Amino acid sequence: MIQEGILRHAATRLLGLIPTLLLLITIAFFMIRVAPGGPFDSEKVLPPEIRANLDAKYHLDEPLLQQYFRYLGQIMSGDFGPSFQYKDWTVNELIARGFPVSATVGGLAMLLAFVLGTLIGITAALKQNTATDYSVMGVAMLGISIPNFVIAPLLILGTAVYAGWLPAGGWDWSWQRMVLPVITLALPVIAYIARLTRGSMIEVLHSNYIRTARAKGLPERMVIRRHAFKPAILPVISYMGPATAALITGSVVIERIYSIPGLGSYFVQGALNRDYTLVMGVVIFYGIVIIVLNFIVDLIYAWLNPRIRYDEAS
Amino acid sequence: MALLEVTGLQVEFDTPEGAVKAVNGMNFEVNEGETLAIVGESGAGKSQLVMAIMGLLAENGSASGKALFRGKDLMKMKPKELNTVRGRHIAMIFQDPMTSLNPFLSIEKQMTEVAMHHQGLPRDEARAHAVEMLRAVRIPDPEERILQYPHEYSGGMRQRVMIAMGLLCEPELLIADEPSTALDVTIQAQITELVSELRQETRMAIILITHDLAAVAEISDRIIVMYAGEVVEAGSVDDIFYRPQHPYTRGLLASVPRLDRVSDDELQAIPGNPPNLLELPSGCRFRDRCVEAIEQCSEKPPLWVSADGRVSRCVMEMEGGAIEPASEEAGGAE
Amino acid sequence: MTRSSAIRALLACCLTGLASCGDGERDFGGPRENRLQPVELVLMENGRPDPAVLADEQTVLRGNGEEPETLDPHLAQGVPSSHILRDLFEGLTTESPEGKVIPGVALRWNISRDARTYTFYLRRDLVWSNGEPLVADDFVYSLQRALDPGTASSAATTLLPIQNAREVLAGEMAIEELGIALLDEFTMQITLTGPTPYFLGLLASPVAYPVNRKNVEEFGDQFSKPGKLVSNGAYTLSEWNPRVGIELVKNPNYREADSALVERVIYLPIEDQSTEVNRFRSGDLDWTFEVPNNQFKWLQQHYARELVISPWMGSYFFGFNLTQEPFIDNPSLRMALILSVDRQILTEKVTQFGEKPSFALVPPGIDGYVPFSPEYADWTQEERNHEARRLFEQAGYSEDRPLRIEIRYNTSDNHKKIALAIASMWKQVLGINSTLVNEEFRVFLQNREQKVVTQVFRAGWISDYNDPYSFLELFRTGHGLNDYGYGNSTFDALLDEAGKERVRARRERLMFEAERVLMSDHVVIPIYTYVTKRLVNPHLRGWQNNVMDHHPTRFMFKLKSRAPGSPEPQAEFAPDTPPATEAQPRATGDPEEPTPEQAAEPVLADEEESQ
C-alpha cells in the first residue's frame, strides 16, 4: 500500500518534470543565445572564412528555431553534443566526469554538515542560554559570516603550505584532497543547520509530547533520541533538498580555489565562454538533479512524518 | 504511612516581569487507593503543583519543599532516580490529548517503550500487554489500532491511549491533570467514567486535577480547593459539597449545575478574575472577589483546622475550630 | 623523504588516486627554511649535465593555467594547450631553449629567391610514437587537414601565408590547390602568397604539427585522447583527466629521446593563480603557469630564488576611437592624454607586478627588433605634463571648457585599477572628468568593434609569433581588429613593403618606420609591456628565458637535493640577494647539443638568402 502510494506519487512527479524541463531548456536555449557575443568571439577576430566554417560545423549558421529543434531532437537521444570550448570532449563526458566529483565533495560536505550541524544544534538547544550554547552557536555563526573564499585560502595556508599535512589542491579521489574542500563547503551549511536544529529542537522540547515522554520516566537520552530528534530535524530535512542540490552541483569558488574538476566551473565557464552546448547540458542536468533531490527529500520527509504519507491519499 | 506526602511545596517561576510564586506552601497527603481531587480555576497553581512533583516544571520554574513518595523525597531525586518512579510508580495523563502523544511515533512504540524500559519486558510481551491495556480502556480492535499513529485517533481515543499508557506498569498513583477538559462534553463524561471504573478495578490512588467541581463529585474521596497558589479549603466530598466553609468554595459550587437545585437560574459565576500572581492583594487572596469580604480580610488569614478535621482559610470560619500556626510555610493541612 | 620519492608519492596521488599523500616532509614546500636546495650543476665535457648531479626521478610538474581546450594540434589556440603540444609533437621546424627557430623534423630547407617557395628536406629515420615511419606526406596531409573547411580550425589563420590557403578555407578551391607539394618521400615544398619572413617560426607552432593520418581516420574527433593519440614529439600522452591533469611520458621513438632527461611531465590545469602559488609552496609543482599580481611583491621578497621574470611579447595599452568625438581629427588632444599618463607610477605603484613602462607599441626583445622610442620617452614626467597642458589648450580645452570622456574596459581588477589611475592623472594634470565604464568581455569586444560608443578603451596585444609585424598589422586600414578606426596610407604602404622585403635588416627598418608613423599619429596610449613571471623549482634546470615563453620539457632536467645541513653556496645564501630580476638565465649548460648532422648543415633562412 505504502509502496503503491509512493510509486504513484513518483510517477506523477516524473510526468510533471517533463514540461518543467522543456520550459527550462527553452528559456536557457534562447537566453544564452540572446547574450551578446558568441562562442568563437575572442580578442583576435577570426577571418570570415574560418568563422563561416566554425558556424557550419556547429550549425550556428542555421535559423535559431531550426537550431532549437535540432537541439531538442539531439537531447531526446540523451546526447548533449560536443563542447564548443573543450573540443575533445562531449558535454556528456564532461558531466559524467564532473558530476561524480561535485557529488562526492558536495555529498560529503552535506553529510558532515548534517551530522555536525544537528549535533551542535541539539547540544545548544539542550544547554539553551548557557555558555556552551553561546560558544558553539557563536563558532557556528562564524561559518556563515566568513565567506568561503576567505576561509579556503586560510585553510590551505595553514594545513598545506605551512604544516604540510594536506595537499594544497588538486584532485585524485584520495581523502586527503577531499578534506579541505569538504570542510570549506560544509562550514556555512553546518552553521545554518545548527541554527535550524537549535530552534526547532527548543520548540520540540517545549511540546507536550516531550513532557509526556518525560512523565513516562524515559531517560533524557531516549527522550531526545526517540521523541525529539525526528520532529526537530524535519525543518533541516526540508532545507536539505535545495541545499544538497546546491552543494552537489558544484561550487565554482571551491573548485577554483582547490582546483577540483567539478561541475560548477563547467557551468560558469560555459556561460562566460558562450559554450552553448556545455551550458545547456549542465542546466538541464542541474534541473534534473534538483527535481530528483526534491523528490527524495519529500520521500524522507514523508518517511519521518507519518502525517504526510502518500498512502493517505486513498 | 501515606502514599504521597507533600509538605511546604512551593513553585516559583522566573519571568521577565519578576519571580512568580505559582504554588505557595502546599501540604497534603494521598493514601493508597484514595482519590484526591484538586479543584480550582485555571491559574490556581494546581497543574504546577503536580508538575513540580513529577519533575516536569518548565526551565524557568523551581520548586522547594518535600514530596515524599513511599517515604522518598521526589524533590531531592536526581533525574535518573526520578525516572525509576515516573511512569513506573506514578503515571500522569495530561490536559491536552491532541498534543500529548508524539505524532511521529506509532501508538505501539509509545506504549511498549514504557513497559520495555521500566519492566524490562521483551517487545512481544510489552506489545501484548499494551494491546490488553488498550482493550481495557475500551479501544476497539486494539491489535490493529496499536499500529496506528496519533493523528489517526480522535481526541477521546487519544486520551484513552494516554490512560492505557499510564496504567501499563500498574502504578500506585495516577495523576490526571484535567484529563477531559479539552474534549467535548459527551467524551468528557466517558473519560470520567472510565477513570472511575479503572479506579475501582485497579485500586490505585488518583490525584485528579480539575476546574470542574461537579465532575469529581462521584469519583473522589477527598477534595482540595486551591486558589491563587494556596489551599483555601479541604475536606471530604460531602463536606465540600454540602457544608462548604470558604466563600470561594461556595462560589464554585454555585457555578455548577446540580441535581439538588431546582433550576439553572441560580447558576452564578464568581465575579472577577483570578488575581495576577505578581500583584496579589494583601491579606486574603480572594478578598477582591469575595462577596462576603469584611475588614479583617485585609490581614492574611491562617489555615484553620476544625475539630472535625475540616480545613479552610477564611476568617469568617475561625470560630469554628482551633487555630494552627498560620505561617505561610507551614500552614497545616487536612 | 627525498625529492624523488616525494614526487613518486605525489604522482601516485595525482594519477592513480590510490596512494596516500600529505605525509612526510617535502623538499621545498612549507616555510622557506625547510626547503631543500639543489646541488650545484656539474657539466660533462659534451656540455650535458653529469648524471651524478641528476635527481633519480626525472618528473616535472607544470602548472598550466586553464584546462587546455584541445590536444588536436590543428584546433588548439590557447597557451595551455600549446605548452603541452610542444612536448607531444614536433613540426618541420622547432625551437631552441632560447626560442630560436631550429630544424625539427626537417633537417634543412631552401628558400627561393622570391622568398615564396620553401623546400624542406626531412630527416629520413624518423618514426611516429607507434613506430610507423614519419614521411613528408604526413605533413602534406596535416597541413591540408588544418586548412580543410571541415576541420573548422580557428588556428588556421596562422597558415594563411600559404598560397591559396584563404580560398581553400573559404571552400572556393579544392584542398589539393594549396601551395603544398610533395616532392618525394622525404621532400616537400610550400609556396606562399607573398614573402613571409616569420614563416619558419609559424611552422614551429601547433597548427603546423603533423598528425598521423591513420590515427585521425580511425578515431575521428576522439583521436587526441590518451591511448589513442599518436604523436612524433619527445613525449606521448599517457593520461588526461579534464581539469585534473595531463600526463606525458617520454617517447622512446623520438629522434633525440636519449638527450631528453625528463621521463614524465604532468601538466596541471590550475585556474586560480593563488592556488597555483599555494600548490607550488606546498611542493606540488615545479613550475607555475604564472603568479598572481597581488602576490608579486611578497613573492619577490620571500621567493626570490624561485621567482623568474622575463620580457614577453605583449603590450598593454589604451586605444582611442578615432572615428568619434572628441578624438576624431584631434591629435593634440590625443597627445596630451598620452603624455599626461605617468607610466612609472602605473607600473611601480599601481600594478606593481614587474611590467615595463612603455612608450611605443612593439615590446622589446622581439627577434632583434629595436622598438621605436618617441622623444618624450626621455623627458621627465614634469616636462611631459607641461607639454600635455600646452597641447590640451591648443586642442581648445581649458578649465572653462573642460573635457568629459569615458574610459572603457572589460571587467577585471587590473584594468580597473589602471583605468582609475589614468583617470586621476588626467584629472590632476588636465582637469578631465572621466567616467569609468566596465563591461563583460564579449560585450566590450562588440562595442570596441562597432566604434560607436567607445572613446578611450583598454586594448593590448600578445603576439603569436616572434615578429613586430604581429603588432603593427592590427593598425592597417580595415583590419578586423582595428577598433581604433585608424587609417594611414603611408603606414599601410610601409607594412606592405615590409611584407615583401626578404632582407631582414631592411625589413626591420620598414617596420620601425611604420611604428614611428603610427606612434606619431597618437592612436594608442602605451602603458607597459608584459613580462612573464613564474615560480620555478630551483632543482629544475635546462630551460631558458625567452620572449616567446616557450619552454619545451625535453631540454629540462632536475638536480638532486643537497643533503640538509650542508653549507649553501655563498651566492645563494647571501642575505642581500637581490630580488629576482628579469632574464635570469637558469641553465648553466646548454643541453641543446646539436647532433653532428645538424651541426654540419643547419641551413637557416638568413644564410639561404645570401646564397
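Going by the order they are written in, the chains are A, B and C; count residues from 1 in each one.
Rule of thumb we're sticking to: a residue touches a chain if its C-beta (ideal position, glycine included) is under 8 Å from a C-beta of that chain, and two chains touch if they have at least 3 such contacts.
These numbers were taken from a predicted model, which means no experiment stands behind them.
Trainee: If every chain is a node and each touching pair gets an edge, what shape is that graph: line, ring, star, complete or other?
Mentor: Line.
Trainee: Which chain is most remote from chain A in terms of Cα centres?
Mentor: Max centre-to-centre separation from chain A belongs to B.
Trainee: What is the distance, in whole Å, between the centres of chain A and chain B, each centre taken as the mean of its C-alpha atoms?
Mentor: A distance of 53 Å separates the two centres.
Trainee: Report the inter-centroid distance (CA atoms only) between chain B and chain C in whole Å.
Mentor: That gives a centre separation of 90 Å.
Trainee: Indicate the whole-number Å distance between the mean C-alpha point of chain A and the mean C-alpha point of chain C.
Mentor: 39
Trainee: Among the residues of chain A, pick out those that touch two or more other chains and give their numbers.
Mentor: Residues of chain A never touch two or more of the other chains.
Trainee: Where in chain B do residues touch at least two different other chains?
Mentor: Chain B, residues with two or more chain partners: not present.
Trainee: Which parts of chain C, given as residue numbers and ranges, touch two or more other chains?
Mentor: Touching at least two other chains: none.
Trainee: Report the residues of chain B in contact with chain A in the complex, numbered from low to high.
Mentor: The contact residues of chain B facing chain A are 54-56, 58-59, 79-80, 82-88, 91-92, 94, 96, 99-106, 109, 113-114, 117-118, 149, 151, 162, 165.
Trainee: Over in the complex, which chain A residues touch chain B? Could you list them?
Mentor: 128, 206-220, 222, 226-227, 230-231, 304-307
Trainee: Considering only the defined contacts, which chain A positions touch chain C in the complex?
Mentor: 35-38, 40-50, 52-54, 56-58, 82, 85-89, 94, 97-98, 153, 156-157, 160-177, 256-261, 265, 272, 274
Trainee: Using the touch definition from the top, list the residues of chain C that touch chain A in their complex.
Mentor: Residues in contact with chain A: 13-22, 25-26, 29-31, 67, 69-72, 75, 149-154, 156-157, 160, 166, 169-171, 221-222, 224-225, 241-245, 268-272, 274-275, 278-279, 281-284, 440-443, 445-446, 449, 460, 480-481.
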